[in-house]
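First chain written, first letter: the chains are A, B, C, D, E and F, and each begins at residue 1.
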Amino acid sequence: MRPSGRKTDQMRKVSFERRISKHAEGSCLVKFGDTHVLCTASLEDKTPPWLRNSGKGWVTAEYGMLPRATGERMKREAASGKQSGRTQEIQRLIGRSLRSVVDLQALGERQISLDCDVLQADGGTRTAAITGAWLALRDCLAWMESRNMIKLEKVLKDHVAAISCGIFAGQTVIDLDYLEDSTAETDANFVMTGTGGIVEIQGTAEGAPFTEEQFSALMGLAKAGIGELVTLQKAALAG
Amino acid sequence: MRPSGRKTDQMRKVSFERRISKHAEGSCLVKFGDTHVLCTASLEDKTPPWLRNSGKGWVTAEYGMLPRATGERMKREAASGKQSGRTQEIQRLIGRSLRSVVDLQALGERQISLDCDVLQADGGTRTAAITGAWLALRDCLAWMESRNMIKLEKVLKDHVAAISCGIFAGQTVIDLDYLEDSTAETDANFVMTGTGGIVEIQGTAEGAPFTEEQFSALMGLAKAGIGELVTLQKAALAG
Amino acid sequence: MRPSGRKTDQMRKVSFERRISKHAEGSCLVKFGDTHVLCTASLEDKTPPWLRNSGKGWVTAEYGMLPRATGERMKREAASGKQSGRTQEIQRLIGRSLRSVVDLQALGERQISLDCDVLQADGGTRTAAITGAWLALRDCLAWMESRNMIKLEKVLKDHVAAISCGIFAGQTVIDLDYLEDSTAETDANFVMTGTGGIVEIQGTAEGAPFTEEQFSALMGLAKAGIGELVTLQKAALAG
Amino acid sequence: MRPSGRKTDQMRKVSFERRISKHAEGSCLVKFGDTHVLCTASLEDKTPPWLRNSGKGWVTAEYGMLPRATGERMKREAASGKQSGRTQEIQRLIGRSLRSVVDLQALGERQISLDCDVLQADGGTRTAAITGAWLALRDCLAWMESRNMIKLEKVLKDHVAAISCGIFAGQTVIDLDYLEDSTAETDANFVMTGTGGIVEIQGTAEGAPFTEEQFSALMGLAKAGIGELVTLQKAALAG
Amino acid sequence: MRPSGRKTDQMRKVSFERRISKHAEGSCLVKFGDTHVLCTASLEDKTPPWLRNSGKGWVTAEYGMLPRATGERMKREAASGKQSGRTQEIQRLIGRSLRSVVDLQALGERQISLDCDVLQADGGTRTAAITGAWLALRDCLAWMESRNMIKLEKVLKDHVAAISCGIFAGQTVIDLDYLEDSTAETDANFVMTGTGGIVEIQGTAEGAPFTEEQFSALMGLAKAGIGELVTLQKAALAG
Amino acid sequence: MRPSGRKTDQMRKVSFERRISKHAEGSCLVKFGDTHVLCTASLEDKTPPWLRNSGKGWVTAEYGMLPRATGERMKREAASGKQSGRTQEIQRLIGRSLRSVVDLQALGERQISLDCDVLQADGGTRTAAITGAWLALRDCLAWMESRNMIKLEKVLKDHVAAISCGIFAGQTVIDLDYLEDSTAETDANFVMTGTGGIVEIQGTAEGAPFTEEQFSALMGLAKAGIGELVTLQKAALAG
């Protein structure tokens, strides 16, 4: 029995609120239950040094948590003077995930920066961030297309969405909330495209090692869940 | 004529959304027009070193802006490794303003940390932050009272609210938005209590120096505006 | 009764020692009683990035305290790896105050950096710094005029000086020393020009809020005191 | 055809040199071909704050590269003042991997710090580090057993080893060297125990997304390779 | 011929102004010609962690330069966020030099911090700092003796003073000013006690290596110069 | 009697292993007994800003210690976010020592960076680093000569080697190991060229001051020892 009463293959209620920011070229407030992440996409007229004069652009991400997004107030990273290893690991993951569906050549020599700021956390912030950031990125590219800067369909090759799965109380479950996440035996994050390609897999035994069979079961849950998320992304675009 | 069409003594639409955070002991999303600040109050069982064993508590504040709260994306302070002088100046102001209406002895040896994070900026973020943080602080104290930790009315002596005034296009105006703020000749921030006491005055000539008469006019606008804000705070508590 | 025996409207003995530095283009050791600040003005052939190719120059300030300028030795900011919020707040104030009387266009694309280093502190370091830095700046501009780089009277539009006032033991007093400052109920800093224009007002209730009448009294003291300081600056230039 | 001429399922020559350090309680110089990592285990009489008085110990890891371990000299992290996101990600992985086979309760309130310093890099530094650090950890525990501090077999539950696999030129291959790694379409790292349990899986599409079948093939290669590494660890202990 | 017209064995005019600081337990403004260093000694009721409960005290030093102490304005170390290697090297030297004549056991578990801040630089700042800091330290110890905390003569075993010598334009000269220092072929700093014991020698070939004979000549100059400095220290104490 | 049983004028066994790095243009693993330092020379196509367009090149050095190079594990400098004063002092010394025998004009506008990383420490790491770095530098220059970039004999004017001497248990001894170094009364480092020129002398009284006679004895030991080291460098080149 899951603490939330959800079935093992049942995700939390997911919602997307697009165009939440007055300033950003693309933005989305994504909610996976009580996990709320504000994603903005900023178009910038610069690229990293190693891409200068290559004709290629870049998509990057930064991740942050408000100090009281969590049950206990955490130290503000700006005040402590550095980003934690966890923060850096997550923002690298978000950036890689989004780049996997972008044609950087078709984007041209520009950078799009995705800022994913967790307003409230209840487990699964990185997977919510990736899933919401895709919508912010897409709306930023649509904004660019409307100004004849790019062709959206050439730059954005597919959807990307992400979900966590894990082994909790001996059962494989999807979309762990904080209560589950903090005691799960195994925790895995999956990032996949709209056509089912795998972009990133991260599986970690928190307690005992896991078996190949268990891992397959987690991947099965993830495939179904990411399919649902992509359907919801499409509904958000249509809405 | 103001860019927004407002009258010189007309503030933007102000709203308060209390209990916006699942985790914080007190919280408030405050909006002054398009300026949106999320304020949370966190009760912590520690005090600064200089208050150890004094029987007195502390109220402090931290301030941040999401990178794309503004028209141009700003560098994330956590990534650049330090808080700007402006950030530190603002968070010191918020902390001082709130402490001016708190009886630290009656609070006891505990700290309340106010986090004021600007989700979207359009001028006047520090005054919105002070005004919203007062509600978060008050709800945190109510939470403590409901657990018999303190007497709310003994700890919180009065309301506090803040507003900016300035000289724009030769006229004294209240509650400047970004367009006005960036070209104002004089910019002043006022923090006052519910009973009209002055807690903080900061007036700066951005261009030519100003006169004592102009400053009196600004203070007159501020007194009226802060009166309105206190009325709105009371309505939010009643609502 | 003030601890120093001064009358409520009596400033400490103020002195200026110009050309105290062998190297700087302008310099002044300013003393407000036991508060001693060494101010140097350095002409630099660069401007901040946002002014490049604008034809305009810049005036900026940095502030520091020697570790044992105070009663208790303070940690050296260079050793602790960052400037405190207080330091940054003060150096921003000094820079704004001086820029208010400089025609940056007439200065041309150059920067003048004012370094205000407190050798000994006894309250009022920021107001002494502003008042002394004006002389260092003026002598730097005179140095430039003597090399036909600028016209001094075109660049420097007026005097600037500053004084603190406060409510101590229930009375409004001018030029608080450390003993007064550390127990004052209200503390206010005023920056004004030689012609009486107001450049900056900062008033803070340290304990109970203050009234508009009290604030007017503080401003009255400040106007008189700054008038005296400007007279002393003129005497220092004549001497 | 692989650049090195190896078969798709052929690892590089692997060697372990134990007791390479005069000072450390356990140490091992591990080589995967031209990738050389010096691993030391240091017993420390302290634990992280969150374990104080819990009776449990801790195993942690730090990772570094000498500046010229690579083809181009890299900036020294100590000189640039911070560890990169990549460094932090790797050292967190090493620590988690080793803790998965340690009974922290049986270790008692002590910390073992594994330092993994890359003397020379040619791809696969993190997997070599995990595999070699296990030997350093084991010898540290043996050192402790010889002083009657612990029972080795109670603390260390199993072997741990790691290998990278990837899709290079359309083929699934094991133990990528730098030439392969830098152009691989997919890159995956596997950490497993001596009894075949999975501790960590990290798979990343560097170019096009990969399929579940491809991922299964990579896992199959990894299982065989890690089996070989465990055999070599045993031989090193016997030797 | 030296730029200053001095003879090869002629030091600059040296002066000491004791009790220059209102707050410090000991202080001295030392001038070696145009090199001016403000030295303060602060008694602190703490010791470094490694001396806790040892019954021994500590003497340490910090060194800084005002940004415009030099011909070109230098970046303020507090603003750049770290102390340069040169600064750290010098403050370690000052601390070692003073400790060489202090009986740390007789001092008891207290720390004396010497702050040496260069107000104006013209070569030889570290040697002036050591020579002046000795007087500040001595006066701090006298302050302590007057409060019956220590016996001055038990704690302070001897004088310490320092001088630079070098090879300039082919000649061995003493007490190099900036003009000489910046073009000297060899630069050496000597720290000696009042009884002629050697505490520290640092000799560096800036251009061609030097010979043992040249080094002996430098040491001869230094011995004479330090003898003079000790005489001047004694005169300052008597005066 | 020395702890190691060595005679007072007997150095530890010294060995050089050249071309230890697959990537670096020059490299050497130097051992002075149990002190092992890995030195790499990296050719870089850049120079410090102050040499731009001067036609001159630069030779610089960085120094580091692996955390468990020592008896007690030391904090990793990359993790603590800065290099200690000791580290900076040593790397400045290594750089100066090598530059003393290099014709920077003949090198041309390029930089050679020497990285000296202590794998295992037992006293004398800085002198071993200088002596080994000279070989790495020499092999880097030979690599350049073989590509017709420079003439080796024009750029490299002489050998450089270094040794520590000290007063231990009342006797002057050469090449102190850790046991001796940590209790020596006086510690001195000497850097000399192949032709006997002195490049750097650093002598420090750790306890009582030393005399000129004692210092002469130390220098005599050093001259003989450095002569031997140069002979060994030549043998390593011949080997």
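Observations on the model:
By definition in this document, contacts are C-beta pairs under 8 Å (C-beta built on N, C-alpha and C of every residue); 3 or more make two chains touch, one makes a residue touch a chain.
Which chain is which protein? Per UniProt: A, B, C, D, E, F = Ribonuclease PH.
No experiment lies behind these values; they were computed from the predicted model shown.
Separation of chain C from chain D in touch steps, taking the shortest path, is 3. With centres set at the average Cα position, the gap from chain D to chain E is 50 Å. In terms of their C-alpha centroids, the spacing between chain C and chain E amounts to 33 Å.
Taking each chain's centre as the average of its CA atoms, chain A and chain D sit 28 Å apart. In this assembly, the C-alpha centroid of chain A lies 59 Å from the C-alpha centroid of chain E. Among the residues of chain F, those in touch with two or more other chains are 81-82. A ring topology is adopted by the chain contact network, closed into one cycle in which each chain touches exactly two others.
Taking chain A first and chain B second, the full cyclic order of the chains is A, B, C, E, F, D.
Within the complex formed with chain B, the chain C residues making contact are 82, 84-86, 88-89, 91-92, 96, 100, 188, 192-193, 195, 197-205, 208-212, 215, 219.
Interface residues of chain C facing chain E in the complex, by the touch rule stated above, are 21-24, 27, 34, 38, 40, 42, 44, 62, 64, 66-71, 73, 76-79, 81-83, 87, 113, 115, 117, 119-120, 122.
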